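Next up: the structures, one after another.
Next come two complexes, and both contain chain A; in the first it sits with chain B, in the second with chain C.
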Partner chain A sequence: MGTALTLYLQVLVNGLLAGGIYAAAALGFSLVWGIMNVINIAHGAFIMLGAYASYWLFVGPMHLDPFLSIPLAMAVMFVLAYATQRLLVNQVVRAPLLTTFLLTFALSIFITNLAQVFWLSDIRSVTTAYSGSSFALGPITVPWIKFWTLAIAALLTLALQTFMTRTKLGRAIRATSMDVDAARLAGVDVARIYALTFGIGGALAGAAGSLASVSYAITPTMGDSFVVRAFIVAVLGGLGNVNGALVGGIVYGIVESFGACGSCFPGVHFLGEGFKDVIALVVLLLIILFRPYGLVGKATA
Partner chain B sequence: MAARRRVTYVILGLLALAALLPPHLNGYWVHVLTLFFMMASLAQAWNLIGGYTGYVSFGNVAFFGTGAYACAYTMTEMHWPFWGAFIAAIVVAALFATILGTPILRLRGHYFAIATLSLAIGTQALVQQLPPLGKGSGMTLPLNSDFHFFYWVMLAILGASIVVTMFIARSRFGYALSAIRENEEAAAVLGINAAVAKVGAWTVSAGITAAAGATFAYWTSFIDPPTVFDLNFNVLMIIMAMLGGAASVAGPTIGSFIISAIGEALGAQSVSPWHAVVLGGIIVVIVILLPRGIMPYLAGGPPVWNLQMVRRQLRASRV
Partner chain C sequence: MRTARDRHHRLFAFLSGITAASILCIAGAAAVAPPAAADDNVITFGAALSTTGRDSREGALTKEGYDFWKDYVNSQGGIKIAGKLYKVDIKYYDDGSDAATSAKLVERLITQDNVKFILAPYGSSATFAASAITEKYQVPMVDPNGAAEAIFNRGFHYTFAILSPAKKYLQGILELAMTLKPRPASVAVLAANDKFSLEVAEGISDFVTKNGFTEVFYSEYPPDTKDVATLLTQVKAKNPDIILGSGHLQDSLLIMRAAKDQSVTSKVIGFSVGPSTPDFITSLGPDANGVMGGAQWTTTLNYIDPLFGNAERYAKLFEAKYHHIPDYHNAESTAAPETFQFAMEKAGSLDPAKVRDALAALDVETFYGRIKFDSRGVNIYKPMAVEQIQNGTHMTVWPADAANASAVYPLKAWGQR
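What follows is the complex of A and B.
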């Protein structure tokens, strides 16, 4: 196989694998946006808290593997997000968009800086026994961590999809997103459903944080870049569309991977690592201008 | 309405008095007040697009940075005097807003917010890659240590932004913007060219923002992308405008005064995360308890401490 082809394949696979974490980060964000029409800027702060939860469990006496601490991080973040919705977000959930946007922005500032007070800006990381190891797929190298991250993101997507379509609670959540008043008339406790939805969104952020803890530097501000990406991926996949988040995450990972690959396009000098964010944002702008209903969605009135 | 107008005149009067202050102030207070005038101008500028027109822009900081860099480039590379650079900064940012506003202002709600947010981040990332603008390492401007000069320039920008807002609010253009905010389709039916009005509002907003950015660049004599494209500027603009009262002539200046005073009380000079924790907490409280800002209360509405009204309003926005 030619080296050029190998390079392209490797970049493609890297992007596909990177998409796992983006999908995980976007899943809860997209859910909350789709169901409650709330853009939760604090989602990044929730991801950061999930990463710290896994970090402390890893360095603590239990020495718990970050992949095994996912359920614990999810449980902690569920409770925190549930309470946040009940006490704060719910007070303004029917107010104009700007209100909830600003509220979650302020919450994000609050949580991030509180983390900075307690944990300082020190860069922490989780290094497991298998951190550097990978397996070969022909000429392609696949790191185990990235592989499991993508696998778990797919698993979370499947679990959420099953929950939303097969359980009574999931159906109540979807009914609420379609018509709050009709759902209430049908006996749905809307306040509880909103709190649950926000809680599930928080739990998914916790899971994304655990996954991020193994491959990203853990700092109080690590969530910021995830929020922007979660937004892009949520829009790419179509709002509140559970499977869309996974597809969007992977598409975005691949676009970013090629965008950051300077040697993939000989003669084109403006690409490369430094332009990663510019490319991501240009892609986002183009999508929301031309396909605001997502790549896999349909235009509705 | 008359009460609101009185508030505006009182504020303009206070600002005129503030122009007489510098000889009596020490360097610290000159600095604090210059910064307050700057933030208030940014909030006033934001109010034109975010308040009156109802398009929540997270991208105004891009115009601040553009203004700062246009000023730095024309002064250092082309050796223009400050006032030439100042005008150039306003023109460049206004053009930038007109060109980008045409596609971006077609978006609404969350989509507009996030598109402008990415505009801000994207402009910063782009500047960081451009060699003539010093890439990420910033630009150094000619030194001017006459800090009273910057005090007066920032004060003049603030005064001008309030007067501009006053005229816009009473003009056909201003009514068109309010109509767009309330119902864009209905506004179009009434014969308002919404696209032109929105881009116009954003362009004026960008011009004022860039004037402040250019003055900031000359004032600090060194700029780099993380400073002049700091998203916190943008968040502060919104919070200040909201706290004072969005879509009111001088509300943003009142909001800026309150936030700046809180910052001073917390010790703004020591950069501590606690400062941001408290600020974040205050914003949460403001958003929940005063979603329409202070202006309605100042302008003869029921007092802030009318708990019954606060409770009624809270009930309406819950599920």
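What follows is the complex of A and C.
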């Protein structure tokens, strides 16, 4: 026991905590992809809007704590995403995957550039009184902000899971994803269900944005790198699988963290911060090869 | 019931609506902006800058610098070449922070917009790509922001950089460190793996080995990284006296936050890019205090300028227009077109080849520093300064003869800065 073990444990905790924001970013993305078969590239732009919502509420006269502004950011993004689905995505929702992909890609560019016009490319930050404070678990340091980010990501996952399994609406959403025509025959208003699903996806992006606002620089382009990670985490966890996003996020965080730790494996020269993306993506490839249904999902025929 | 065909019609109508709207917009823009070649009394410069993408902040600072020069020169009547006054204009495109796009747009500026003088894009990667194009068409380009040596080691004749090369960026902090007591000894280096940042890191390593420091930690990281916690965990284990980050603004912010999260302390912390920008202080608040940055230029440097008078007057005029003190990106981006102007006046001609020769022979002092290029097109005279943030403002702490404050050393503990 000693400094070496401390290093490994700290690196593990770093990864676990980083997984919180990745899971939050992937949750809504995975839901929309799994239920609607729409790869929503604009999800990153939604996260960015959520972050700006928290930012404006924080610097505004209310001086609202970013963690407390999560419900507000979620409400705003729900309405926006619901309307987006009704007006745009619904026109092409049953078209081939590439069409919706292109549409949301265009939407993402549109929103990002609109944000750039109105809010400029200035880098903004939410710096709270507790930014940078942490607590100690023995020799391990745990930053409060990252701890709460992970806790809220887990809470959102639990809430979504309960909603999907315990409520009538949740069951209707799942039924629609299994068989659209059967659901329609059973009296489910498919267009409304799709809009609701997209709205929930947007609300979750809003929550992820609020969480991101305390840890990251807020810029109009901040969503781009989140959407890439959401994509990877969604595939890791299993598409549309609610718990999968959380598990995938944490696994991705831990793999990335150890991949970044050159000093954890002395003598191994292909490890280190510069290689962490490579290592994380190799893990993704292996999972696609051996468990194409994701870490949490079950194989289907 | 709606059929698939209907849906496709609606989609088609929607998309063609968008297409038609964009065509109208472009046509409208074209009608408003007169073609450059048509007006004999205007010299048009061209630049592909990052208005969007990850370098959009630095791109915006560059554009402010270019525009400041343009408006100032026009307000003074213009540039006098062979007895005739010309107004100046700059045609911009957005490269989306992508080097390949930047090069394509520079080609478009030269071949379609007939621009004969190029102001470089933001950053080493984009400037590297664009310089291949300007060389191919033999169009001179003055470069305020691309500092990687790689740009200049290809035997090109049309690219001229007014700034100090990348390797020098953080050497100033180490020069300063050698004068501090007790003298710091161990250095940790964190470098983004792009051309510019790696050369900055190489410059640190060179300096470290020659001057009795020891490099106790070195790591590269990908430029779009989201999490550097593990990087800082490893730095903490080495307990270095000096932490130097060679990357860009967003990385510097991430590193500062992760360092505070894990209470990583050092006697000196410095970054190649970040501390000089206003956003660094607004983002970090008191935590920014004590941080050092390599600066291409600061307002306290004492140079005489034929156009703006001196650095202080430039800073005053700039602040009146843009409501913030110019950072070094602004200053170098004003000095680049100014350098073009001096070369054109000296050449007495608007022939690109003659302007190029005048650039190559130029030796002039500007508010930004003395400018004279070696055969590769690198400015041979300019030193780097070091800024330190003290009580939320930028103070110049190195070189000693331009310093307006002495360095705060060692860094205070987190929470007391």
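Basically, the second predicted complex is superposed on the first by the 300 of 301 C-alpha atoms of A that agree within 3 Å, B and C clash if a C-alpha of one lies under 4 Å from a C-alpha of the other, contacts with A are read in each partner's own complex, and residues count from 1 in each chain.
Just so it is clear, contacts are C-beta pairs under 8 Å (C-beta built on N, C-alpha and C of every residue); 3 or more make two chains touch, one makes a residue touch a chain.
Source: prediction; values computed, not measured.
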Simultaneous placement of chain C and chain B on chain A, clash or fit: clash
Partner chain(s) touched by A:253 [first = chain B, second = chain C, both, neither]: second
Partner chain in contact with A:285 - chain B first, chain C second, else both or neither: first
First (chain B), second (chain C), both or neither touched by A:14: second
Which superposed partner A:245 touches (first chain B, second chain C, both, neither): neither
Partner chain(s) touched by A:91 [first = chain B, second = chain C, both, neither]: both
Touched partner set for A:107, first chain B, second chain C, both or neither: first
Which of chain B and chain C A:191 touches, first, second, both or neither: first
Partner chain(s) touched by A:116 [first = chain B, second = chain C, both, neither]: both
Touching partner for A:180 - first (chain B), second (chain C), both, neither: first
Identified clashing stretch of chain C versus chain B [39-47, 129-137 or 219-227]: 129-137
Chain B and chain C footprints on chain A, overlapping residues: 91-92, 94-95, 99, 112-113, 116, 274, 277
For the chain B and chain A complex, residues of the former touching the latter: 50, 56, 103-104, 106-107, 109-111, 113-115, 117-119, 121-122, 125-126, 128-129, 235, 238-239, 242, 273-274, 276-277, 279-281, 283-284, 287-288, 291, 314, 316-319
Residue ranges of chain C in contact with chain A within the complex: 4, 7-8, 10-11, 14, 51-54, 56-57, 59-60, 190, 193, 219-222, 224-231, 233-234, 237, 249-250, 253-254, 257, 260-263, 277, 279, 282-285, 287, 414
In the complex, chain A residues that touch chain C: 3, 7, 10-11, 14-15, 17-18, 21, 91-92, 94-95, 99, 112-113, 116, 120-125, 127, 131-132, 134, 141, 143, 145-146, 215-217, 219-221, 224-226, 229, 253, 256-258, 260-263, 272-274, 276-277
For the chain A and chain B complex, residues of the former touching the latter: 33, 39, 88, 90-99, 101-103, 105-114, 116-117, 180, 190-191, 194, 228, 231, 235, 274-275, 277-278, 281-282, 284-285, 288-289, 292
